[in-house]
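So, here's a batch of structures to check.
Same chain, two partners: chain A is paired with chain B first, then with chain C.
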Partner chain A sequence: MLALVSPALLVILALIVLPVGWLAWQSIYHDGFTLENYRRVFTEDVYWRSFALTFEISLAVTAIALLLGYPVAYLANSVPKGWSILILSLVVLPFWTSVLVRAYAWLALLQRSGVINQFLRYLDVISEPLALVHNTFGTVVATVHILLPFMVLPLYATMQKIPNDLMQAGASLGASPSLTFMRVFLPLSLPGVLAGCTMVFVLCLGFYITPELLGGGRTVMVSMLVSRNVELYNQFGAASAVAVVLLISVVAIFFIVSRFVSLDRVLGQK
Partner chain B sequence: MTMKQKFGLGCALLGAIGLTSAADAAEQITFVSQGGAYQQAQTVAILDPSAKKLGITINQDSIPDAWPAIKTQVGSGKPIWDVVDTPTGNCLRGGEQGLIEKLDFSKIPNGAAMPEAYRSPYSVSYEFYSSVLAYSQKAFPKDAPNSWADFWDVKKFPGRRALRNHPFATLEAALMADGVAPDKLYPLDVDRAFKKLEEIKPHITVWWTSGAQSAQLLNDGEVDMEMAWNGRVSAVAKEGAKVTFTYNQGILQSTSLCILKGAPNLETAVKFLNAAVDPVHQANLPLHIDYGPGNPKAFETGVIKAERAAQLPSEPANAAKQALMSYAWWSSSAGEAAEKRWASFMQK
Partner chain C sequence: MMRASPARIVLYVISLLVLVYLILPVLIIAPISFSSARFLTFPPPSFSLRWYQQYFSNPAWMQATRVTLTVALLTVVIATPFGVAAAYAISQSKLRIMRLIHMALLLPLVVPIIITAVGIFFVYAKVGLVATMPGLVLANVMLGLPYVVISVLAGLQSFDPAQEMVARSLGMNRLRSFFAVTLPQIKSSVVAGGIFAFISAMDETIVALFISGGQYQPLTKRMFTALRDEIDPTIAAISTLMTAASFMLVLLASARQKRSG
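Up next is the complex of A and B:
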């Protein structure tokens, strides 16, 4: 058994354990042992402001992605095969476009002279262009768009496995469609909800390009702190400490999630 | 082949390899700059003529921010780069940390002839750019803002504004807006500068992080006025945008050439440094891009026409209207503290 898995273990060791270990080591060792980098992260309010903002944005993005993604996945699941392929391709197609391109596209859509503001002005809904970008709003909109496939796909996969018989059984026992949905379908789709939410939330925690381009300089997410720390302190240790704290937060989230549902169900297909 | 013959051939081959590598080592350097249109311009204007003059090969590399690479290369004990074109502050900081070679100006006569403010023990100014007040001519057809005090005057000049998300030049601009003369800026009164910045902060729509972003903001009409680098504004103007800028109270900044500590081709690198700041080579640069020569003697060569010179940040009359950034102050502990304070200023 060990002989069989050892190549995989070696790959994991070389690609994950060693680099992350080196990263952690950098954060505590610079011309001797030091906790200075962590002292900074835990005592300076710049850091916790940034962590708080990152978690807030990630929560908002996850909630919006769920609200938008659930109906899409539900629709893709309930229409005939051909239609569901079309719907899923529409979800996945932008997924194959570079994140950078999509961020710039949102910039073109949302800015003062952008399509949306011009259209609203043409309709006389507004007299002054709305501030849709260079703020948290623009960041959230673009991030939701980029992460939506990570919500829809696990949801769809879970919904696919819910036997249709159960719904029919519910209906034959006299439940209305909304009641069968609430009492049968929704609870059975929850593992997909949790999987999608975890994926979107965790990915969002590490977003860099989108807030950098659409945040107007005020939306400082943790990933931006990492790059700023290399610039400011001229040593990788300062940045590593931020990265390690983020990593530990993510592991903690997985741990908490795993208390409520088996991680296999979140990540795998059981 | 007998054993002896084999041995002989082996020796000859080894000798040949030794010879060619020795010859190569004496004749080449690796030069690193920031890439893009800028590196192309300097290749034509400075690198190719210098290589020809010295009979050396110049290998090129490019990186947007050389600092982390300088640190890792020198830290590893085996740097592969020789000469780096990087913001002057990096050369000074690197010099203090033992990452950059100290220069012997007796071997760099062209550099020694430059004004003292344009060089340091570790570096020599290579090109100048300026952080200027740029604005849309559509938003200000008649009365245009002409000083940082105007930029701060939101009543007289209503409009959307942008500043760079970095303390360099921004603190200088704030102090000038508060009435400090351009030649009396250093050492910066950091408290006063941040206090003045708090005043304008609510009116700043975007804090930009890249030169391309600043150009786009002005071009798209996202902002009506901003601090931007002169070359970025003139590039957008050339493409037809109704935007312009003033050199009045601009902050003159430079990138410099410096040599990595323990560079593999140290001697050739020093020779190259001298050729790179040769007034004629330097005068070539503004023929290809909107940056000013690092060596002011370039303006006396006759290569740059008067009309063109007037557009350049380091042309003496333009330079006189501006503040020269003190990289020595920014790399001092007070400067580094100000840089760190920026992060908390931005997030409050």
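Up next is the complex of A and C:
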């Protein structure tokens, strides 16, 4: 049986475990052991700002995705089966479009001469085109678009398991629909909220293509820090240290969350 | 239950807006790709196929397309048997270490892709695999493996291993009984896993940005570079074709999975 898994395992060991180990080693060893790379990551302004910005954007994206995703999941859960299949299909449809294609679409929609600016000018709402892209706004809009399915699916899965009887019990005890929602449904859906938020937040931390194409060079997220240190500045040690800190953050988040909700639930949605 | 209370109406409106937000970017690409205008104008002044012509007559785009299709095909050919063998072993073995191996095989989904990309770049630089076809294929095999493993494990869950025991008690060896009894029953999930690996290889961008170069650059890398410089409607044409291709593949895969479930 071990012989059967070994080809797959070898590929994983050679192309995930070894490279990550290499990064970790390179971050502390360069002609002798050094913590210089980590000192820079934690003290130099550029790095610090980038980490702070990445966490801010990830938090914002997670919050927006929750606000947009919860109603959709709730609706999909409360309508007849045919409708919920339709809603969920629409949610996962963009999922199967390349991230690059969607970046192109958002550029086409949001740029100065783009569809949205043209439409708003046609309506006479604005006289000058709005700066909707090549900034943090554009990055957030496109990132939420990509990550929203990762929020809706775990929410829907959790909501489906909430027995309808509980809501009826609440209603029969005289609670208004909003009170039943707040006191019964909402608390029971929290595991799904946690699973969805974790997935979206963690995926957002490592986002690269979207901020690179829609951020206009000003929104430097951690992943861009890594790539620039490799491609532009040949700072391999620094790039490795940034990568290691990012990976440790991701693992730590998964570890903390796994104490509250089963990880299968978080990862099983992909 | 379905009374249209004010709260309910608000729920409908919000959900509708969110769904429009999700779908609009996917729908906007096709009309742009058939537009005659050099710059984005919406609605398009007139329809034309010039951007498709531009794509099919440009040697650089064609070369990139060949690379993408070759890589995706080779990825499926390698990742599918590797993944099937691994999934079979995981489902049959009672060894404790299998749980750990199972988790290891899902690592490509968990490790942020930028970290994987840079790490592979450093390893490839040492062994001379940067800007080579084998390097590109190998990386995509690794990234596609989890999809095959997940899909086949799901297929094996509804398969009764006792059937294979019967075949073996009747004198088949393990290999023959797998191919004669087990594989036909999990065929659909194997095909679905292979299709997902194909789509994943077709769409992969970030690893390719770091490790591909020269004549072995896939479509996604060229698209990324082109998008960074200017918004050329040729990319809308390519995007439309890519989207159509992956939708058809997904439909195929889900039709397969349904039959197995």
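Here is the rule we go by: the second predicted complex is superposed on the first by the 231 of 270 C-alpha atoms of A that agree within 3 Å, B and C clash if a C-alpha of one lies under 4 Å from a C-alpha of the other, contacts with A are read in each partner's own complex, and residues count from 1 in each chain.
Rule of thumb we're sticking to: a residue touches a chain if its C-beta (ideal position, glycine included) is under 8 Å from a C-beta of that chain, and two chains touch if they have at least 3 such contacts.
Just so you know, these numbers come straight off a predicted model, no measurement behind them.
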Exercise. If you stack the two complexes on chain A, which partner ends up touching A:Glu212: first (chain B), second (chain C), both, or neither?
Worked result: both
Exercise. After superposition on the shared chain, which partner residues are touched by A:Leu148: those of chain B (first), chain C (second), both, or neither?
Worked result: second
Exercise. Once the shared chain is lined up, is A:Ala238 touching chain B (first), chain C (second), both, or neither of them?
Worked result: neither
Problem set entry | First, second, both or neither for A:Val230, with chain B first and chain C second | both
Exercise. Can A:Val220 be said to touch chain B (first), chain C (second), both, or neither?
Worked result: first
For this session: May I ask you to decide whether A:Leu18 touches chain B, chain C, both, or neither, giving the answer as first, second, both or neither?
Result: second
Seminar exercise, completed: Chosen between chain B and chain C, the partner touching more chain A residues is C
Exercise. Regarding the shared-chain residue A:His134, is it in contact with chain B (first), chain C (second), both, or neither?
Worked result: first
For this session: Kindly classify A:Glu44 by the partners it touches after superposition: chain B alone (first), chain C alone (second), both, or neither?
Result: first
Exercise. Touching chain B and also chain C: which chain A residues?
Worked result: 111, 113, 212-213, 230, 236
Exercise. Which positions of chain A touch chain C when the two form their complex?
Worked result: 1-2, 4-5, 7-9, 11-20, 22-23, 26, 68-69, 71-72, 74-75, 87, 90-91, 93-94, 96-109, 111, 113-115, 118-119, 145, 148, 177-178, 202, 205-206, 208-209, 212-213, 223, 226-227, 230, 236, 239-240, 243, 246-247, 250, 254, 267, 270
Exercise. Which bits of chain C are touching chain A when the two form their complex?
Worked result: 5, 7, 11-12, 14-15, 18-19, 21-26, 28-29, 32, 39-42, 81-83, 85-86, 88-90, 92-93, 95, 97-98, 101, 104-116, 118-123, 138-139, 141-142, 145, 149, 199, 202-203, 205-206, 209-210, 220, 223-224, 227-228, 231, 235-236, 239, 242-243, 246-247, 250
Exercise. Which residues of chain B touch chain A in the complex?
Worked result: 65, 67-68, 71, 93, 165, 205-209, 213, 220-222, 339-340, 343-344, 346-347
For this session: Please give the residue numbers of chain A that touch chain B in the complex, ascending.
Result: 44-46, 49-50, 111-113, 131, 134, 212-213, 216-218, 220, 228, 230-232, 234-236
